[in-house]
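A single structure is presented below for examination.
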Amino acid sequence: MTSSAPVLPVDLEAANAPIRKNSIAIRNLVKDYHTPTGTAHVLKGISFDVQAGEKIAILGRNGAGKSTLVKLVGGVERPTSGFIYRGMSMSWPIAFGGGFEPTMTGLDNIRFIARLYNQPIRETIERVDDFAELGKHLMSPVKSYSSGMRARLAFALTLAIDFDCFLIDEVISVGDQRFQRKSHEALFEKRKHCAMILISHDIGIIRSYCDRAVVLKAGRSKVFEDLDFAIQIYSAL
Amino acid sequence: MYAMGRQTTGQKLRSKARTINALLVRELMVRFGHGNIGFMWLVGEPLILTIGVMGMWTLLYGEQKHGVKIMPVVLTGYSTLTLFRHIISRYVNCFRDNAGLLFHRSVRPVDTLIARGLLETVGVLIAFFVAYIPMRLLGYFDPIYDYSLLLSAWFLFCFGISGFGMIVACICQMSETAERFVQPMLYLAIPATGSFFMVAWLPESAQKIVLLSPLVHCNEMFRAGYFGPSVATSWNGWYVVTWALVNNAIAWTLVKRTQRHIEIS
Amino acid sequence: MIFICAGPLSPNLLFVMQLLLAMLERVHGVVDVVTANTVEELRAALQERRSHVMILMTTCPSEEISASILRNRMSILLVTQDFATLACQSMRTTGSDFVGALRDVTRQVSALSPVATSEGTARLPIAEQDTVHAVATRLMLMLGLSLDDNQLEEACIAISKDSSSTTVIDAQRQSVERAADTYQSRDILLPHEVLLIKRLEESYGALMDREHPESVEIPTEMLIRAEPPHPHLEGTIDLLGPSRILTFGPYMHLPVGRWRAELLFDIRDNHSGNEFAMDIFSNDVVLAFAKTQMPREGTFQAELNFEITRASAAFEVRTFVYVGAIEGVLTIQSLKMVALT
């Protein structure tokens, strides 16, 4: 059901909220893609805020526009209209891995990130090695890693930089139980003070850590302060 | 680090330099990896090709032509041609290859182009010297006459080609069909580069035509720096400077618009 | 000889019963008075009858007893009153609240409908300001009773205590049990209650007329919101929330037969899409169900065909939102039940 008529944002409250300085503010995000079969209106006016230290969940069915939203929030693509105010430093999506170059070794990839973000190289390598526990494998090219190893490296890289806000997509459940515990600890305990945008289907995690939720449906969004209510609606989508 | 605005120009330049440095090292790693001879391969590649061509040319045409030893002419010509080809073809693929890096807030598509350009500029120049030095020591080559002219020619040339390459890259980003014309265009452009002849070798009528090409001026300027006044070269510095500036002006405005259309799949 | 007095429970009905009894006693001596709504009740009463004359009162006849009455072509006297009085009477008798009383009235009316509309039924005209004497005379003529003037006068005095020219309403206040309370309740009805009764009377009253009405309008405020504290439907419904039931009720009744429910509603602000469903629910059984995707906005009519087999079984018209909704507003405009038989 596509139409070019301008549509009022569904969540007027979120769209008109004042923007605080150290926050990430999304306002009236619209994203259209031009496909051979016509224009696809993927996002039709998304608005929400993330304040410093706040954890917000993004809930929605596959195809509701979550991955597009991640790309826009992460700064990879520009929205068709609307804007994103970035008052805090934000990580890349954790699963993305910082732009791994498969032919480069794990170490070289770490060095690249360290240089890019102006972090001391030696220290960064230590932090990543300590977390990902890849040992000798760091000296082999990334293309020889299993998907689990790749995910661990990606995760470790994201944690190596002191971001104010973490963009977390599905990947937190990677690795064995011990690693998962480690990941949870690293994110939700050691970085309790950081803001997070959590995109997950895992209701348990969302209930435990998030303060608010945004439900995404057919490219439209609504912010909920009541997490349980949001989860109820999401479960019935 | 990423607070909105409030960065002085100095800070901004420094952080841009950091970004490009990181991208540069990455480019190096990507192209030449760990398993090979490492980053020496960067210079080894053009060197091997240059020596090969030089050998063949000498075999075919003998040592001197038109009063100039042929090998330095080939070396200078081949170096500039290599840079021309490398920059154009690698710029065209740059956005696609590096699309994933856009998740990093400090990386803009144009930074990846600059990193590639710098790599080629320095790399091919080093290759030139790596070929020159042994030849000089063995006595086959005369010493370079004017380093400042040589190097200014080189960097000016690289600056101009980089601008041109950016324009081509942007056009290819906007239109898929344009990309197919790039390789043929590179080959067809070889006569226009002046890499395999010197202007003085041509009849006057041909000279006028050939001197319309800024690349010919670059090559002549480069050779002037190499040979000095003993060899006749015709070039106009201001022509080259103008060409480079205009190219880059168009390139930068085009890149700004194109960056908005780059999408990750 | 059986005299049948049918009608919703009201002071009028009770009054007519008493008057008829008084009149028949003058002529026949002992008369049985029976209230029966089911065949079992009637059978039991018939077993214990003392006399060959009987007055049978029925306010909410079952399908079986109605069929029996109609089959035997018995003569029926229909006594009604305005709905306001009926409601107040029901509140007194059943102890329910206002809405419960309205439902009870629809139950009685629905059950009475086949009997009230049959050709052998005579409607007794009776107004509150008529004199007792006038009504008695009418009764006598309609039923073909033979009383002389004295017997008539005596019967009237027996009911009205003062004279036979007392008004019906005064006589009821005196001699009909709790009639005075019923009329008092009627006087203190709130304006919105009066309005609701009027609307209900317009549609349901016609069910007792000889010409079967085409449709019965259910006032939308009889529907109940599903969210606690379950208020009656008023205004718009915000669809925001998980998939769930939106409204239920009205727990009203309809005469036996095939019906079509027509729900007129409109949708606004449904930009992210939604599914709407509606059903007819009665006696723990879903009688009809429909589901549809809602467009962004517009006014629509949902139609459901169903069959009522027992007038005593209350029905519900329920609406649902079938998928989690983050936006959208639903307004129910009207609910009409169209008779298909």
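Annotations
Going in written order, the chains are labelled A, B and C, and every chain counts its residues from 1.
As a working rule, a residue touches a chain if its C-beta (ideal position, glycine included) is under 8 Å from a C-beta of that chain, and two chains touch if they have at least 3 such contacts.
Given the structure is predicted, the values throughout are model-derived calculations rather than measurements.
Chain contacts in this assembly form an open path, with each chain touching only its neighbours along a single line. If you tally contacting C-beta pairs for each pair of chains, A-B comes out on top. Taking the mean of all protein C-alpha atoms as the reference point, the chain centroid lying nearest to it belongs to A. Ranking every chain by how far its Cα centroid lies from the centroid of chain C, the top place goes to B. Averaged C-alpha coordinates put the centre of chain A at 39 Å from the centre of chain B.
Computed centre separation for the pair chain A/chain C is 62 angstrom, with centres defined by C-alpha atoms. Note: centroid distance chain B to chain C, computed from Cα atoms, is 96 Å.
Chain contacts: chain C has no residue touching two or more partner chains.
For chain B in complex with chain A, the touching residues are 1-4, 15, 18-19, 21-23, 25-26, 29-30, 33-34, 98, 100-107, 260, 262-264.
Here chain A touches chain B in the complex through residues 71, 74-78, 85-90, 92-93, 96, 98-101, 103-105, 108, 111-112, 115-118, 141, going by the rule given at the top.
Of all residues in chain C, only 240-244, 269, 271-273, 295-296, 323-327 touch chain A in the complex they form. Those residues of chain A whose C-beta lies close enough to touch chain C in the complex are 1, 3, 7-8, 10, 44, 215, 217-222, 229, 232-237.
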